[in-house]
Amino acid sequence: MFFHDGGKLQYRVTVDRPNPAFARMLQQAIGGVEGEIRVAMQYLFQAWGSRGPKKYRDMLLETGTEELAHIEMLATAVALNLEGAPAMLQEEGARDPVVAAVMSGMNPRQFLSAGLAALPADAEGVPFDASHVYASGNVAADMYSNVTAEATGRALAVRLYNLTDDAGMKDMLQFLIARDTMHQQQWLAVLEELGGPTAVLPIPNSHPEREQVTEFAYAFVSTRVGDGRDLTGRFTEGRSLDGKGEFHLEPAAALGGEPQLAPAPAGGGAQVEQMAAEGGLVNRIKGALK
Amino acid sequence: MFFHDGGKLQYRVTVDRPNPAFARMLQQAIGGVEGEIRVAMQYLFQAWGSRGPKKYRDMLLETGTEELAHIEMLATAVALNLEGAPAMLQEEGARDPVVAAVMSGMNPRQFLSAGLAALPADAEGVPFDASHVYASGNVAADMYSNVTAEATGRALAVRLYNLTDDAGMKDMLQFLIARDTMHQQQWLAVLEELGGPTAVLPIPNSHPEREQVTEFAYAFVSTRVGDGRDLTGRFTEGRSLDGKGEFHLEPAAALGGEPQLAPAPAGGGAQVEQMAAEGGLVNRIKGALK
Amino acid sequence: MFFHDGGKLQYRVTVDRPNPAFARMLQQAIGGVEGEIRVAMQYLFQAWGSRGPKKYRDMLLETGTEELAHIEMLATAVALNLEGAPAMLQEEGARDPVVAAVMSGMNPRQFLSAGLAALPADAEGVPFDASHVYASGNVAADMYSNVTAEATGRALAVRLYNLTDDAGMKDMLQFLIARDTMHQQQWLAVLEELGGPTAVLPIPNSHPEREQVTEFAYAFVSTRVGDGRDLTGRFTEGRSLDGKGEFHLEPAAALGGEPQLAPAPAGGGAQVEQMAAEGGLVNRIKGALK
Amino acid sequence: MFFHDGGKLQYRVTVDRPNPAFARMLQQAIGGVEGEIRVAMQYLFQAWGSRGPKKYRDMLLETGTEELAHIEMLATAVALNLEGAPAMLQEEGARDPVVAAVMSGMNPRQFLSAGLAALPADAEGVPFDASHVYASGNVAADMYSNVTAEATGRALAVRLYNLTDDAGMKDMLQFLIARDTMHQQQWLAVLEELGGPTAVLPIPNSHPEREQVTEFAYAFVSTRVGDGRDLTGRFTEGRSLDGKGEFHLEPAAALGGEPQLAPAPAGGGAQVEQMAAEGGLVNRIKGALK
Amino acid sequence: MFFHDGGKLQYRVTVDRPNPAFARMLQQAIGGVEGEIRVAMQYLFQAWGSRGPKKYRDMLLETGTEELAHIEMLATAVALNLEGAPAMLQEEGARDPVVAAVMSGMNPRQFLSAGLAALPADAEGVPFDASHVYASGNVAADMYSNVTAEATGRALAVRLYNLTDDAGMKDMLQFLIARDTMHQQQWLAVLEELGGPTAVLPIPNSHPEREQVTEFAYAFVSTRVGDGRDLTGRFTEGRSLDGKGEFHLEPAAALGGEPQLAPAPAGGGAQVEQMAAEGGLVNRIKGALK
Amino acid sequence: MFFHDGGKLQYRVTVDRPNPAFARMLQQAIGGVEGEIRVAMQYLFQAWGSRGPKKYRDMLLETGTEELAHIEMLATAVALNLEGAPAMLQEEGARDPVVAAVMSGMNPRQFLSAGLAALPADAEGVPFDASHVYASGNVAADMYSNVTAEATGRALAVRLYNLTDDAGMKDMLQFLIARDTMHQQQWLAVLEELGGPTAVLPIPNSHPEREQVTEFAYAFVSTRVGDGRDLTGRFTEGRSLDGKGEFHLEPAAALGGEPQLAPAPAGGGAQVEQMAAEGGLVNRIKGALK
């Protein structure tokens, strides 16, 4: 069950000088893969499908609900940045390079489809699609997914912050940047509560360790041709981070042979030449088809 | 520049008893969000756009190229599982419940569109879309994204492993499970090389720490109504994982007031009632429009 | 700003006999075009972009927030219907026709991607995409859009109701059917408050009536060939519903002539034959390209 | 069966001064959710699946076919607006700010993919997708859906009309605005023929009235926290529009309790911690997995 | 301008024994990439954007309009195959394996979203998307694209034909197979009219032949590692088909060196480590950010 | 199994003057329907599903692997064109029209989502989707599909070539144009090896010639109304290109009558009026529903 607070915002949203081009950029934080619709739905779907410790279900509901308030803030910021954008052109206005620049920098659908308001779409006008809502049913995979979402989300917020010099927008973004700082932290804190790398990894930790091809479980496979296979790092030597193996480097090799698929079956819509290897047989089939 | 090895597979792929329903399930590992097309393209796009230490560009190329070989293995597994699937029905066959079960359990497009072969789509037939290729331009965000991809990928491989009792398929999946183990490790190893949580976080670490609303940077905001705001955990107390703040719990509050948008502009395609607050003015506008 | 109630549901959700095939069907009510994600986001985006009478902004927030609770109920219903679905197959189980039927009737991604939980997708596994969130910036258009959403939503709920004989599911659906009854009513009530058809129509009512080709504004155009143009009804005679015209029937005719596009431009990647009408000129261009 | 008239247009389409930026805007009326491909396909699919009175099948065919002619008109308008757009840049041209403005304001794919012609896509270049074709199998729901399509379509046409000062384009749009006026009317006329609100509502009217949770069928549920639940209007009091209930306001409450999902199943790819509530059991499972 | 013939079909469509599973398969021919919506829109968009000889614009209109009639036939076939499909389950029916099989083999949205009718979607329920409408502005490229569409379309029709033993459906498909035969022919006939391979190729033929890296214009590049580069065929020796070059085999080599991207810019949301190569500088930047 | 060459490029990629607007245009060649991701995946999926002569499987692997190197070249070209693009705006910079022009001409997500790098998306920011990967299981259909891909790909490369005057970019595009020349040739060479038109056509050539409605297999059907049915050409007279029929022109006619769908079923969510033709029955049903 959810409630709202009459449209009051979680944090103040003001725009000193409306800028339709910035209204377009802000769409990425609403409907982009790094945006707020995604995290709101992601945390809520993780909560609703949560099996296991109730604590994490509760935590996901807490923050999923907060993210709804962030969509609201950003949608408001878009609408305020569009105030004064051209909705009607007079003969003279159409020739004005300033109007032209506004028109070419803005998202046309914010006017054409929404009458000067935000869309649930990204900065290129691509509608949000919920395939980006990751809720895997594995709490550790989900926590890493959430850290990723907040890391790319904070990178986006920082980029938007650097693209604007509007004091109101900078203030709002400083709030969102701070929330992303915390949200990165809190999902990592769950991983620590679950025991950290040695307890959590490999994900899922419920698969028997022996039921994998163990000689490849800690091998860095190099697929480079020629003599350049000299890449080394923490990932090619030393104890693995889960404490269960030893890193080593392994040149790639084709261990699997060449697959042999059967000829195309009768009635399968292939060419006759795909149905038989031998020329005489091909001709006999062709004859029968006349 | 890339090379192939004449179609030879990285690891053996055999199918003891072809199973069209399993061919459908395998599609998730090819074209699903947890699948191999996604990681191949993700690591390669991260490499191609890599700015900064060349070592990580090289590493991403190594593993991105390996993932291409995994798509190849899985596409082969799909084709082998489809051998013998019905491509032509005789009068009697159409009434056979076994044939009917095969038909309803299989992905119709593997036959209708591909002539009994794999598609670049997921288990529901939704084509892979590259919006899932995360290459953020921030190496730490990308590493977390890659861990996520390998964690959900390994969970998927484990689920597929438990759904089949075909010895050949179980063998192939044990190989892929092992590779996912390593790939989880190697991206985490990069984060360790970069200095671990205190050096890496918050992401991006290039944003000045003071340019955020600092009182919200380590606050767990509870959005729960009523008296139940008692959720505690590693994320509500103690030093933050980046060592830069102290966790605390903060009940949600609407700090931002209610936004006021301007009335709809003339020429903006709204209803007249949206263009003015006062009834007399609405009527005057309506009169003028006749 | 939004709040939650600790995961407590708006109405009880119980499942007497879990049915994975019904779990698939329920997805349509979550992530389908007739589903709850769509209306939740639609009403909220309409609210956030609302210009004009504040009353409707408030009303949209009220109901948009309620719809979030409906997603929650349905996601819970999916998870409960999946309990006991096969997550691991033994040698013997794989041959069991009951298991086979469950596997072929269920949505594979509810297990493979979500570990037995709901997805933000429709009954065919197509992820929800926010292009279905209609928020036009015109309050009357939005109200008709909302009536449509609730009409198709109630038709869907009725179909689901008739497909199940599970008492718990039937009870939950009776609640959702009732809410859709009310939501149809409330959006129509707004149209009545705005003055009903004569005041509201044509939408947008802010466009000058004379700035349209008036002889076609109330003409039913028949595009039928031959002698069958005898379709009559309320839409071919009598006063129009907005009281501003008289319906009449008009056989379709091509008033516009045949368009003439210019030849393809140089450098435009067309064939030479598209760049000139005259054979000699084509040959001269071809000569120059060698 | 369908016929064409040799490419002759339903109404004249002329462009006085080609404007590539307007060519981009027009795309919304072709391939946008408010556009002509959508209504053409929507009315035709409604006709082809029509069950019940043949009259409405006929009517839908009539208007669906007309909409094809509107796509044709708009595609022509796009091509004409692109004439003279830059297809080849000379050294000097590339520095010309006018050329630069044309390039940045236009849709790059109209040139790159189509050689200066229209695309079946919206103003942001997102291809039309047929998920927007609503044909619900319920004639009343479809009529409301059609009114919505024509209302948002007319709002779009009005916005385009106000964005251009080209006399030819304004003339064409006046025709399309008139047709949208009529099309709004004609679908509403069907609802009147079907008996108006009391006969038509709630949709579907074939569901027994008693098989819903009746106390919620005419209740406006307020989800607002705090003291602000004072929203009143036509939707909170008086007889409902279908004449079957009395509107009243009901504060939201969580009637449903907190759902309990089972622990994650064995083999389901979850973390061990999700499979058991008790620490000792978690450890025993972990031991068994080694 | 377009006309219809009152819903009369181009060819008879009858169904002897309705089969909901076949109704699902038929969707591929309606809304799949090989289907009729695609070719209808493809030929019409090619016509509407056609620059150059008017004859081909006319021809495209002729056949594009015919394809509309094919969508109509197939949508009718779907509706007829769904008659008698279960729309309401009684207590006993839900346990009936025949009903269960029908339900699991059918497309759930044909009932849930359309009330037993066709959808503009493919056999997996993925809505048609117009990105598949190829209209390149180059008449020769378009003709090859059209041949492809009719070749995959005929392969699909043949596969459907072999999957059914319903006499009515086989009759309808024999008609569609014949039309695809002709349509393959007619697009190839245009290529012959345009002068055949030597005149048409390479596409576009309006690009100066010398403005390409000519030593690679007729070289078959082998990307195979090791000793297996012995693939020969018509494409490795002899005169090229356009008569403008000589085929030869060329082992792949990396001629281009390794690219060097600049470090990540300030303000670009990268990690500090990406902004400088030298450790001391990294530390200085980090110090400045505190 | 695949290998890489340490990021060395197949051909040199240099940019003399970075141009963010051109970086946007280049995206079409990466992630557009005419682009390199599509052909790489198309040829590889065709190879992996290849049934029949092994030679074509090998050939497809050869060229599919080469296309990966083309994505790499283009992604590098995008990154180089973005160097120096504004990542941080100062107070003064925001007012600079040159900066404004760069911002409005560039793809915002290349900065916001990727930190100045290429995306797997087209020039409009629409992510690549793998529905464009055609691998039909019919070798001849696939060859025509591949010719189409290379024809539209070369048209795109030529358009890009004409839009830039950067010497480095022109050099790179001359290489890609040459490769597209060859790739058009090599797929056509396969069709010649398979016997040319008379052996290959109609596709699939494995369907019995008599199992189609033969009188329509070589008829050009004219759907034009009125007297204008005078279109003639190679496709209306003479021997067909497959040598199996005679072209002739056939005016379109509705041979199929009007379909009759059953009334809407009980429980199907339709309106009562759709469930019965007779008014009295409608009323009785309505009575029973109360």
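The first chain written gets the first letter, and so on, giving A, B, C, D, E and F; residue counts start at 1 in each chain.
Everything that follows uses one rule, which is that a contact is a pair of C-beta atoms (placed from the backbone, for glycine too) under 8 Å apart; a residue touches a chain by one contact, two chains touch by 3 or more.
None of the values given here were measured: they were computed from a predicted structure.
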Strictly by the touch rule at the top, which chains does subunit B share as contacts with subunit C? A, D, E, F
Chain centre separation in whole Å, for subunit F relative to subunit A (CA means): 25
Subunit A and subunit B: spacing of chain centres that average the CA atoms, whole Å: 6
Show the residues in subunit C shared as contacts by 2 or more other chains, in ascending order. 1-10, 33-34, 49, 51, 58, 61-62, 65-66, 69, 76, 79, 87-88, 101, 104, 111, 113, 115-116, 121, 124-127, 129, 131, 136-138, 140, 152, 155-156, 158-159, 162, 203-204, 206-207, 223-225, 252-254, 256, 261-262, 264, 266-270
Taking chains as nodes and touches as edges, what kind of graph is this: line, ring, star, complete or other? complete
Under the stated contact criterion, what part of subunit A meets subunit F in this complex? 21, 24-25, 28, 32-34, 101, 104-105, 122-126, 152, 155-156, 159-160, 162-165, 223-226, 228, 252-254, 256, 261-264, 266, 268-275, 277, 285-286, 289-290
In their shared complex, subunit A is touched by residues of subunit F numbered 1-6, 49-53, 86-91, 94, 97, 100-101, 103-104, 107-109, 111-113, 115, 121, 124-127, 136-140, 194, 200, 203-210
Could you list, by residue number, the parts of subunit B that touch subunit F in their complex? 1-10, 31, 37, 41, 44-45, 47-49, 51, 57-58, 61-62, 64-66, 68-69, 71-72, 75-76, 79, 113-121, 127-131, 133, 135-138
In their shared complex, subunit A is touched by residues of subunit B numbered 3, 5-13, 33-34, 55, 58-59, 61-63, 65-66, 69, 73, 76, 79-80, 83, 87-88, 111, 115-116, 126, 129, 131-132, 134, 136-138, 140-141, 144-145, 147-148, 150-152, 154-155, 158, 161, 174-175, 177-182, 184-186, 188-190, 192-193, 197, 201-204, 206-207, 211-225, 231, 233-235, 240-242, 245, 247, 252-259, 261-262, 264-270
Under the definition above, what is the set of subunit C residues touching subunit F in their complex? 155-156, 158-159, 162, 225, 267-270
